[in-house]
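Supplied in structure tokens, the structure appears directly below.
Chains: A, B and C, in written order; residue numbering restarts at 1 for each.
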Amino acid sequence: MRDITLGQFVAGNSVIHRLDPRTKIGMMILYIAMTFLVKKIWFLSIPFAYLIIELILSGISLRYILNSLKPVRFLLILMFILNLFFTKGEDVWLDLGFWKLTGEAFLQSCFLTLRIILLVAGASMLTLTTSPIALTDGLEKLLSPLKVFHFPAHELAMMMTIALRFVPTLMDESDKIRNAQMSRGADFESGNIFKRGKSMIPILIPLFVSSFRKADELAIAMESRCYHGGEGRTRMHQLKFRLIDLYAILITLAFLAAMIVTLILL
Amino acid sequence: MIRFDHVTFQYEKADSPALKDVCLSIAQGEFIAVVGHNGSGKSTLAKHINGLLVPTEGTVTVCGMRTDDENNLLKIRQNIGMAFQNPDNQLVTTVVEEDVAFGPENLGIDPKEIRVRVDEALKAVGMTDYAEYAVHHLSGGQKQRIAIAGILALKPQVLVLDEASAMLDPSGRIELLETVHRLHDSGMTVVMVTQYMEETTGCDRIVVMKGGCVLLDDTPQEVFRHTDLLLESNLVPPETVIVRDSLKSLGYSIPDDVLTAKQLAEALCPSK
Amino acid sequence: MSIEINHLTFAYTQGGKKLEPTLNDLTFTIEEGHFLGIIGHTGSGKSTFIKHLNGLLPCEKGTVKVDGLDLSEKSERKKVRALVGVVFQYPEYQLFAETVAEDVAFGPKNMKLDEEEINARVTEAMHLVGLDPDRFSSRSPFDLSGGERRRAAIAGVLSMRPKYLVLDEPMAGLDPLGRREILALLEKLRAESGCTIIMISHSMDDIANHATQVLVLEKGAVCMYDTPENVFSHAEELQSIGLSVPNVTQICIELNKRGVAIPSSICKEDAFIEWFREEKAHA
């Protein structure tokens, strides 16, 4: 339990790591747009090339990217198979009577699956190279113009900050409560899913109670430290938009432009 | 600096008041210990100092400002730093230096100035090397020192510790106590709420609370003269004081200002 | 009957890698009927050790046997959990049921006892910890005071009628009155039911005044295992591993320095006063 690192951030000091989190969020949005514009499988090579460049620059090993695909692997397989079934085509490769495997279907399946892979991999590049704290800061800054419409950008960011702070503490605590209940003969391992679910109550209730107490005490401590909402608040760490950030955005835009050109030409 | 003027306070659902007609004044630069068993009102007293609680009757004045005026609160909390019991539940962010910066950030201080304050505060509690550590990797004593650094970054005049040592192990408690004494030496006014009598021997004054009232308010030497009164209020004097009193009842003559093992040995057998 | 620990070694794993062993080749026996105090600096392996006494952590190397039951056998682990009750730090954080009685009944219910027996044990355990069943049974554990909550949680372990009661800093965070209540409870348990007490504590005074045996752990190994008198007479050694000595011992050391021939093995308040009484009688 103790090994779980939050999000999947891999500490580093590469060019990508040092980019402003806002830049990286922007890059990801442009990258997603680029990937969605692809209409033919071969042009997936453009976002693919972009991803490879980013990967090399960040110094992150491919293993992490593959790990991030693990949770969606069943979805990917399912999508691949469904498209084989439901895409119509002329070029029959195999005829089983009730179903024909066509070249078009195969190509379409590959295309859609690869596109999802590229999307997930691109999005995880953001979380792999940006610490959750930086990400929170970046989001707060990016969303702050929405405050005009009463969007709670600061509150949202503060909630994320506190959640990040307390997840390890609560994990520790659930570990302790689990041990205590096991010492009283509680059994969390046997029985069917309902029985197991019910056996979690002696862990969940103390955990809830303790979370509420923590929230209460934290609120008092924050108040004592002059917290009074986001108004008039400054930050010690200022986000700085530097020249390198400009380059990164320009390069990403160049890739997007290339994508659009291919669309127009074909 | 801090004045309690006939303060009575009753929690909303309580049958009897938690503080009864408390009068107390604390001068600049003093080191005061507030002791009492659970429910004696000592934490309630502490929470009045920075306006977390406001008296039902009477007034609390801090640095010339009344705590029952909302407009004063921010200013008061800036001057009265407060550390609490559970080290885990008062740190807000994941990284040490970000947490220390939390207070000054709330005041809207210039980022460069915050940086300076954070570095100074971490230095004052001896945690400079841990600036970039994740909070949850620290020991209890270290967390409490970070909490104090977070308070120092507000540049307060008074440090209030609300049972801040209760959840620490002995080395963490020593760590904390040494830090607090060092801050006091450099001019900080300290109010330390605690149940551990042995922590109070180095204070200027001890305020003993019982049932919401101030029972004793005197120097440690004077307070520990009244062992019977302390035991009656469910407080246990330092072990040395208990031994001292037993020896006295055997007929040994030991002066009342003996509070530590060394002093007791000295009294029993003066070194030549 | 006893708890036998034989060459017990344990290392935590982090990120697939074994860390430095937290427990390193522990071998000793805890005899029935004793009050064993365990002391050691934070990180010396105390808490990890007690998790081995009821099989919460697996015996990877070495063995732990409770009354002959080997904890490395999964089938025997359940039996041992009924024999060895463990009260962890801040046990009140484990309370979960709607009423105190229900919470105290959790252990016996897991032991699959019949209703009558469960009720009898709940009443007995609540009496033991000083919570009057008539007053407290149907109250919510979350409405109690700090000290009462702590005692309710301890009752939740006592209701299993453990032969060995293991406590990890049972007095932490309590006020002096609460501390005395818990210590009195432990003494009563030992006197009335012959329950073996194994207690981790940071308070050397409490250990000196109540324990019959003291185990000193240092970096996961046994540093000393002896009577409190013998352990605390090694003051320098204890201080070198970051531990303090009881207050009475400190006074004795100071007196020794001044040429008073008080034995350095005196660590209990009573023994100390007794020595002076005799001294006075002589003079």
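By definition in this document, contacts are C-beta pairs under 8 Å (C-beta built on N, C-alpha and C of every residue); 3 or more make two chains touch, one makes a residue touch a chain.
Since we're looking at a predicted model, the values are computed, not measured.
Trainee: Considering only mean CA positions as chain centres, point out the chain farthest from chain B.
Mentor: That would be chain A.
Trainee: Could you see whether A-C or B-C has the larger number of C-beta contact pairs?
Mentor: B-C
Trainee: So how far apart, in whole Å, are chain A and chain C when each is placed at the average of its C-alpha atoms?
Mentor: Comparing mean C-alpha positions, chain C is 46 Å from chain A.
Trainee: In whole angstrom, what separates the CA-based centres of chain B and chain C?
Mentor: Distance between chain centres, rounded to whole Å: 30 Å.
Trainee: Counting only residues that touch at least 2 other chains, which ones in chain C make the list?
Mentor: Counting only residues that touch two or more other chains, chain C contributes none.
Trainee: Touching chain B in the complex: which residues of chain C?
Mentor: By the definition above, chain C touches chain B via 41-42, 145-147, 172-173, 175-180, 202, 205, 242, 244, 246-248, 250-251, 253-255, 257-260, 269, 272-273, 276-277, 280.
Trainee: Could you list, by residue number, the parts of chain A that touch chain C in their complex?
Mentor: Contact set of chain A toward chain C: 2-3, 173, 176-177, 179-187, 201-203, 205-206, 209-210.
Trainee: In the complex, go through chain C and note every residue touching chain A.
Mentor: 12, 14-15, 51, 54, 56, 78, 81-82, 85-86, 88-89, 91, 93-97, 106-107, 110-111, 142, 156-157, 160
Trainee: Flag every residue of chain A that touches chain B in the complex, lowest number first.
Mentor: Going by the criterion above, the answer is residues 132-133, 161-162, 164-165, 168-169, 172, 213-214, 217-218, 220-228, 232-238.
Trainee: In the complex, go through chain B and note every residue touching chain A.
Mentor: That would be residues 50, 52, 74, 77-78, 81-82, 84, 86, 88-95, 97-98, 101-111, 114-115, 118, 134-136, 147, 150-151, 154 of chain B.
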